[in-house]
Amino acid sequence: MSETLENGRRLSEELNPGMEATLEERYGHLVPGMAEAVVDFAYGRQYAREGLPLRDRYIATIAALTALGGHTAPQLKVNIAGGRKAGLSQQEIAETIWQMALYGGLPAAINGLNAALEVFSEEDGLA
Amino acid sequence: MSETLENGRRLSEELNPGMEATLEERYGHLVPGMAEAVVDFAYGRQYAREGLPLRDRYIATIAALTALGGHTAPQLKVNIAGGRKAGLSQQEIAETIWQMALYGGLPAAINGLNAALEVFSEEDGLA
Amino acid sequence: MSETLENGRRLSEELNPGMEATLEERYGHLVPGMAEAVVDFAYGRQYAREGLPLRDRYIATIAALTALGGHTAPQLKVNIAGGRKAGLSQQEIAETIWQMALYGGLPAAINGLNAALEVFSEEDGLA
Amino acid sequence: MSETLENGRRLSEELNPGMEATLEERYGHLVPGMAEAVVDFAYGRQYAREGLPLRDRYIATIAALTALGGHTAPQLKVNIAGGRKAGLSQQEIAETIWQMALYGGLPAAINGLNAALEVFSEEDGLA
Amino acid sequence: MSETLENGRRLSEELNPGMEATLEERYGHLVPGMAEAVVDFAYGRQYAREGLPLRDRYIATIAALTALGGHTAPQLKVNIAGGRKAGLSQQEIAETIWQMALYGGLPAAINGLNAALEVFSEEDGLA
Amino acid sequence: MSETLENGRRLSEELNPGMEATLEERYGHLVPGMAEAVVDFAYGRQYAREGLPLRDRYIATIAALTALGGHTAPQLKVNIAGGRKAGLSQQEIAETIWQMALYGGLPAAINGLNAALEVFSEEDGLA
């Protein structure tokens, strides 16, 4: 197994336990190798990189998905949850999202806050 | 003067000296009050907020502008320069941009790196 | 209170009664000051401006939200309703949306017409 | 009747039987002539053109709708079904969509695969 | 010749004299019939429609192209010039564009104002 | 070396000789491993996949980059040239691009045709 795949697997399991297996089960019959490609590229060759702490990487991701618009709401919610695990406070996440009013417009920022509220209320429900 | 405008002016002058005057001169005859609106909303009501350090706010902005695509290249370069002033290293900025390959696609990430290279070589030329 | 905030409040209450309170209640604990920022920037510093009648501002907004795509559907519906209050006929709104086939593509235009149909049938139901 | 409209009608009825009537019924009171415009422009002046087989046109459409993001999911599903009629295999469609990870980002590609899975399971259910 | 094509030609010649011939010359060898399709669909089946005055249609177009971002700058400039012919003042156009800060973000609005400034200074130079 | 990287290198050298070295030279000091990541993910794990011929993959890519808009013009031109090597005729490419008027709007389609014209005239100049 290549080093990037190994690193990607370790990090992916830490952040989203079971994700590779879920992708494989859901999409593997249609797109063989897709789950491994996600783990290798997104986790092994991106999130596992040095030079920017994981917490900061989640700021970047949450900002981008908010600005790109609400059609990425499922992924935005996954990454808000991931950002919490990586050490971001609810406030830091909300600030990141609200700032996107400047770049993606008000509707995108408000849709992003709605996604955050959903994640945070699940969190609090589990607490 | 309202508090948000006052705070916005202080921060805007610190980060982009002369920006309000430049906006006023360039756009004020067409859109009166536009320069003040930018200072109040973008700086006073967004960047000057508590809850997320300025350095982190620039990570969010650089990520979003990269993912939204190269048509924001002028603003991306301004914000890369702003991020440097707010304490981001060249490496942290490059990592933020490259990670956007996952969300805005490879062309957007590569266009973003090109913008960063331009800013960094101006920086190094001035050193 | 600054003049833009005062003007924004007056116009926001006229167009969307209770909106500021709703934003404050929903998002205020996460992003303090966000409701006021929306009222000041969107209403006081944009919609309340001179130089373009409110009716025309809604044409612009409905066009943009349609072209940007269906992920802004909640906001598109709010603004279609707002445009009706500002004097746009159902036909004028439908024409604005359909024209977006040229700029945002056919799917965006059709999604926009669907949003309009929802608003108009609520209207007719209330008549 | 113009030649493009005639060709458009023939092709549209072949690919999506009843579509023009459905559009007319749903939108015709609001936007008279819209159904005919779709048939003439989209089918008569685009899909019916020579120079690129219909199968290849569906690859292009599926790729674009995937990359543009999930807000076009209804239209993406219609075109995935259309692509199947035009001779694309499930695998070819899935490959087209997954490749969009490179251009529209991972979330867009995964949203696209979800749309395909829905269409394919309806297909298999009907078989 | 169909009615929509006839109407489209009349309006297109009025608003952009010579446009169909220019499109034909530039793109006709690659995409036969493309110029006619633009005239029929964009002018005959959209801009020539009743129900919304031409001046208002340009507000919609300028708003959408601004919000979609600067990559449409050439077309934005053409439509700003078209809007002037259809009776929009420089101020009305600038207000339309600046309002897009709310929906397409600040960079898009500022890029739009830059396009307007270019068109307006050409205008004034010709006066 | 992993199999995907090996396959990616072979295909990348065939389609864009020297690309990995160019990426490494231009971006490697800022983002170590980025060139290899592009080769592995874009070529080894995407373009080299079975299930869709390379020619069809270029239709998908050209369609997506056109619909996403002109800010991807440099990459659109690279992929138009790549599509030619993979067996697409000039006409097939032009048809793919023009069809995007339906999904990305007229300006995006026209910007795409302009990119194609540039590539084709370089081609003809070299002939």
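So that you can tell them apart, the chains are marked A, B, C, D, E and F in the order they are listed, and the count of residues begins at 1 in each.
In this text, a residue touches a chain if its C-beta (ideal position, glycine included) is under 8 Å from a C-beta of that chain, and two chains touch if they have at least 3 such contacts.
Per UniProt, the chains are A, B, C, D, E, F = 4-carboxymuconolactone decarboxylase.
All of these numbers come straight from a predicted model, not from anything done at the bench.
Student: Both chain A and chain F are touched by which chains?
Tutor: Both-contact set = B, C, D, E.
Student: Matching C-E on over half of contact pairs, by residue number: which of A-F, B-F or D-F?
Tutor: Looking at which residue pairs coincide with C-E, the repeat is D-F.
Student: Taking contacts as defined above, which has more of them, D-E or A-D?
Tutor: Output for the comparison: A-D.
Student: Looking only at residue numbers at the chain C/chain D interface, is the share used by both copies over half or under half? Answer same or different.
Tutor: Looking at both copies, the contact residues mostly diverge.
Student: State the chain with the largest centre-to-centre distance from chain C, centres being mean CA positions.
Tutor: The chain lying farthest from chain C is F.
Student: Tell me the angle, as a multiple of 5 degrees, of the rotation that maps chain B onto chain E over the C-alpha atoms.
Tutor: For the C-alpha superposition of chain B onto chain E, the angle is 120 degrees.
Student: Centroid of chain B to centroid of chain C, CA atoms only: how many Å?
Tutor: Centre separation, chain B to chain C: 27 Å.
Student: As a quick test, compute the distance in whole Å between the mean CA positions of chain A and chain B.
Tutor: Distance between chain centres, rounded to whole Å: 23 Å.
Student: Report the inter-centroid distance (CA atoms only) between chain B and chain D in whole Å.
Tutor: 39
Student: Distance between chain E and chain F based on Cα centroids, please, to the nearest Å.
Tutor: Comparing mean C-alpha positions, chain F is 30 Å from chain E.
Student: Multi-chain contacts only, two chains or more: what residues does chain D have there?
Tutor: Chain D, residues with two or more chain partners: 41-42, 46, 49, 65, 67-72, 91, 94-95, 98, 101-107.
Student: If each chain is a node and each touching pair an edge, is that a line, ring, star, complete or other?
Tutor: complete
Student: Sort out for me which residues of chain A touch chain C in the complex.
Tutor: It is residues 69-71, 90-91, 94-95, 98, 105-108, 110-111, 113, 116-117, 120 of chain A that touch chain C.
Student: Chain F touches which residues of chain A in the complex?
Tutor: Interface residues on the chain A side: 2, 4-5, 33, 37, 40-41, 45-46, 49.
Student: Once bound in the complex, which stretches of chain D touch chain C?
Tutor: The contact residues of chain D facing chain C are 26-27, 30-31, 34, 38, 42, 65, 68-72, 74-75.
Student: In their complex, what parts of chain A are in touch with chain B?
Tutor: 41-42, 46-47, 49, 51-52, 56-57, 59-68, 72, 91-92, 94-96, 98-104
Student: Which residues of chain F touch chain C in the complex?
Tutor: Against chain C, the touching part of chain F is residues 67, 101-107.
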